[in-house]
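Quick notes on the structure that follows.
Labels run A, B, C and D following the written order; every chain starts at residue 1.
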Amino acid sequence: MNMTVNIAGVEWKNPVTVASGTFGSGAEYADFVDISRLGAVTTKGVASVPWQGNQTPRVAETCGGMMNAIGLQNPGIELFCQRDIPFLRKYDTKIIVNVCGRSEEDYCEVVERLGNEDVDMLEINISCPNVKEGGIAFGQNPKAAQDITRAVKKYAKQPVIMKLSPNVTDIGEMAKAVEAGGADAVSLINTLTGMKIDIRRRTFALANQTGGVSGPAIHPIAVRMVYQAAQAVKLPVIGMGGIACAEDAIEMMLAGASAVSVGTANFHNPTVTLEIIEGIEAYLKENHMEDVKDLVGAVQA
Amino acid sequence: MAKMKKEIGKVVSQESIADGIFSMWIETEAAKCARCGQFLSMYTNDSGRLLPRPISICEIDKENGRLRVVYRVTGENTGTEQFSRMKAGDKISVIGPLGNGFPVEEAKGKKVFLMGGGIGVPPILELAKEIECEKKQIVAGYRDAQTFLKKEFEQNGELYISTEDGSVGTKGNVLDAIRENGLSADVIYACGPTPMLRAIKEYAAEKKIVCYISLEERMACGIGACLGCVCRTSQRDHHTNVHNARICKDGPVFLATEVEI
Amino acid sequence: MNMTVNIAGVEWKNPVTVASGTFGSGAEYADFVDISRLGAVTTKGVASVPWQGNQTPRVAETCGGMMNAIGLQNPGIELFCQRDIPFLRKYDTKIIVNVCGRSEEDYCEVVERLGNEDVDMLEINISCPNVKEGGIAFGQNPKAAQDITRAVKKYAKQPVIMKLSPNVTDIGEMAKAVEAGGADAVSLINTLTGMKIDIRRRTFALANQTGGVSGPAIHPIAVRMVYQAAQAVKLPVIGMGGIACAEDAIEMMLAGASAVSVGTANFHNPTVTLEIIEGIEAYLKENHMEDVKDLVGAVQA
Amino acid sequence: MAKMKKEIGKVVSQESIADGIFSMWIETEAAKCARCGQFLSMYTNDSGRLLPRPISICEIDKENGRLRVVYRVTGENTGTEQFSRMKAGDKISVIGPLGNGFPVEEAKGKKVFLMGGGIGVPPILELAKEIECEKKQIVAGYRDAQTFLKKEFEQNGELYISTEDGSVGTKGNVLDAIRENGLSADVIYACGPTPMLRAIKEYAAEKKIVCYISLEERMACGIGACLGCVCRTSQRDHHTNVHNARICKDGPVFLATEVEI
């Protein structure tokens, strides 16, 4: 059985990675999962300098999901390169560095800096709803998305995955825009912007007022968007949003994803990624399929 | 490596020990290596509720591989209400033990205050049982006469009580109880609501004594990965590289001077 | 205690109505709830002629919610006027007729026809994601939304509520567009477009491929959009999306809704509307508030 | 008016009667007025699962206010799996009785087939108990030797069995059993998977006999309001004004000639 997938020229041993921001840089989950078994690790977003992030409360529970407004707290690219990349390199897995920024220069600086590092792919987060200038401006406008993609590609030594926001009218248009900008792959969905109000204190549940909704609650929306994006572009699509078991991952691949990322589900079950890999294998076996790639886009009308 | 997991524990017993306060003993692997001041991530069986409830370890029974938690049901239709409906024999998913725990070695040969307020009282019990010191003064603050865990405290140190409504012990908070009884100490360990911890931090600064406080924040991962549960630190934190420490991983117990609350 | 609210000149006895399409025209729920206790009844969408709707399966369950693709099946305006309006008129409640159509003419025909009828308000559904031309084209483009509002207003004898789609980049902009077009109120959110794939049969779970996601899963997204819409316009906002208990309804009002609609929750608990009305009353009492209108937009930063 | 509600019933007993097939008796108000062929909307206690599971009434015990349901656990982590974990004494939310039920009066003085296939077998039991007719021929189709409810059927009519694997009775489906045994009837009542109902409808048309079939579709409201569960009708339906009838409200039992399946 062949579980490998090839995403923009990078071969993963299986199609399962973790969603940025839900797995730190891997160190904390290393107690729970053998990181070498993952297709890839996607790191928390990193910026050119350390970011303090938002005030707390930063997280809240919602029905079937959660909301977060971490605000892209990160240690900055220097410490990240010194500490987190070498840590991950000890494992036999691909490294995808998620990059955030407030301006085109920010993104390009980080991308350029990573050109010298031993990482496999870059994921550019133009869709964080939780900081005033955390890229969402790029992620909700096709023209801006195309421009930032083109700018980043100039500096990138590794394949570039553009991470799309679901808070848009037409996800296909956004996917096409980053394809036109030269992206090597797209990933989606980032979180849907939500709000929760504490009716006892009559204030916002999150200090940031709004936050990004993730988890199983958003899964059907994510599947739809992955389907539409896969229909719109030729690029490989990395699908995510509410994947919590092998069935969800397979669904995402049938919708058109070449690989999947598991986010919020890690918080509910730290070993979920391995269970998903095993579940996909079991599904292929049961259905007498030889190659996991045969799942991609295989839904029938 | 890769040895922790979300584990299916077993409810050994469950009882209500005060209005809306429940005590549960859980059979779990986590008991093996647990220390006072650490906590458990407890999960409901409800698929609509994903996130763990962080609950402090109240007592550890290593011999039988059991942990005791004491928790408040925060309202109708909450996760803690679901816990409260569980019965002996039921399964409960947990991850733990999590967090750093109280540094008990600091207390050797010293006079200490072990201070708990409200639902911050439970972790003080295991602390009181583990700590070795010259003089063990437990100060527990409650709302009213429902002074849960009182008996256990009396067996493990000198107990002073404050109640908001004055029905038992000193009327007021834990600091009022200290003042009223003219107590003093060299080291403080405290857990409770933020306003109480803030006052204790100030008191400790004034008296120039070492003070450890156990903080609370909303959590998502419970293991240090998501950066959901940070508190502001006075110095740049070495892990985060900014002025934020993760309560679930670097805490929940901090030196009061390290954090800004 | 004052529970009345005034929506565009129409006084409701309390701020609770039902979401279009989840309550039929009231007849089925009359076995469960005393309809006279509702602030208003919002009917299933009605078109100029009967619509057959989509193939089955039309509904599917999702985590914390559901998906539907009914496809606006309806008996047509004539039977509706003959049978459903007289039925509802027997109760002491306001009647809001939800109107659907495929073209501007469709909408205007129904609206004009309703001018002669004893109904209190019209809700124009320009946001149904489940029929190819079910209004979503109007609901995802500010210019089109403004134009259809203006057209409908020409024929309308009753106040017009424009029902907005959440499948847009900027909900505030959409609210402003219908305000500029002359709307008397806005209601939101309609369902979020989703997709579910049956991995065993490798086909879509709904015959229509995509469907609208509703229920508690979408509540935080709905609260955010209601907040943004209420900030953007002066019109009264009717808030909906995942309201399943009094707390959810109060949250929606604190975010800026003048009234709320309860949809999917009726399927889970047919008497939920009455429990919500009682729960709001209890909350006001507990918080020593005299007037339910004081909740509207009362969230504090 | 306004007298129905979602009701909290009580599980009286639960047992597994075949691989993955469970039988549950529920104490519920719905028992009072229930008829054969009607169903219950059963709700899980899981907040992530909103929609009801429509489950046919398998037996009615009016005296004790109880209903029996027999259901299949469709997979891991499903609502029916949650039902299967319930124990005597547990609470279960239900709405019912729903739907029209089988028109038993049609059978007076006639030879009838009562045909059930797969998980469509259970409602045939109460039908067999209620129906009065000249000749009561029960034809039950199963996958294999797990012929649940066989005993009960034998006590309530002439029983013919078909199994897909041929392990019991006729190898094949219910129509094969009829042919093999040379049976005939004036009226058919049937419940089962759509392909089986389609074949029975055809058979009835050929033989020119009256045929009632109980249909299945995904439901949301279960009471006729959402138009989720329609089936195509040959004539314009008087309620919907289009060629669609609501299975939950106007059905689940239809005259075979009324519907296009």
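Everything below uses one rule, namely that a contact is a pair of C-beta atoms (placed from the backbone, for glycine too) under 8 Å apart; a residue touches a chain by one contact, two chains touch by 3 or more.
Since we're looking at a predicted model, the values are computed, not measured.
J.: Tally the contacting C-beta pairs at the A-B interface and at the B-C interface, and name the larger one.
T.: Most C-beta pairs in contact, of the two: A-B.
J.: How many angstrom lie between the centres of chain A and chain B, each centre taken as the mean Cα position?
T.: Computed from C-alpha means, the inter-chain centre distance equals 35 Å.
J.: Would you mind pulling out the distance in Å between where the CA atoms of chain A average out and where those of chain D do?
T.: So the centre of chain A lies 46 Å away from the centre of chain D.
J.: How many angstrom between the C-alpha centroids of chain D and chain B?
T.: A distance of 54 Å separates the two centres.
J.: For chain B, write out the residues touching at least two other chains, lowest number first.
T.: Within chain B, residues 47-49 contact more than one other chain.
J.: Please list all residues of chain C that touch 2 or more other chains.
T.: Counting only residues that touch two or more other chains, chain C contributes 63-65, 215-216.
J.: Name the shape of the chain contact graph, picking from line, ring, star, complete and other.
T.: Topology of touching chains reads as complete, every chain touching all others.
J.: Taking the complex as given, what residues does chain C use to touch chain D?
T.: Touching chain D: residues 21-24, 28-34, 44, 50-53, 56-61, 63-66, 68, 70, 73, 75-76, 79, 215-216, 264-271 of chain C.
J.: Contact residues on chain D for chain A in the complex?
T.: 47-48, 77
J.: What part of chain B is in contact with chain A in the complex they form?
T.: Of all residues in chain B, those touching chain A are 1-6, 43, 47-52, 95, 217-231, 239-244, 249.
J.: Which of the residues in chain C come into contact with chain A in the complex?
T.: Touching chain A: residues 62-65, 67, 140, 167-170, 192-197, 199, 202-204, 209-211, 213, 215-221, 223-224, 227, 242, 244, 247, 250-251, 254-255, 283, 298-301 of chain C.
J.: Which bits of chain C are touching chain B when the two form their complex?
T.: 63-64, 216, 245
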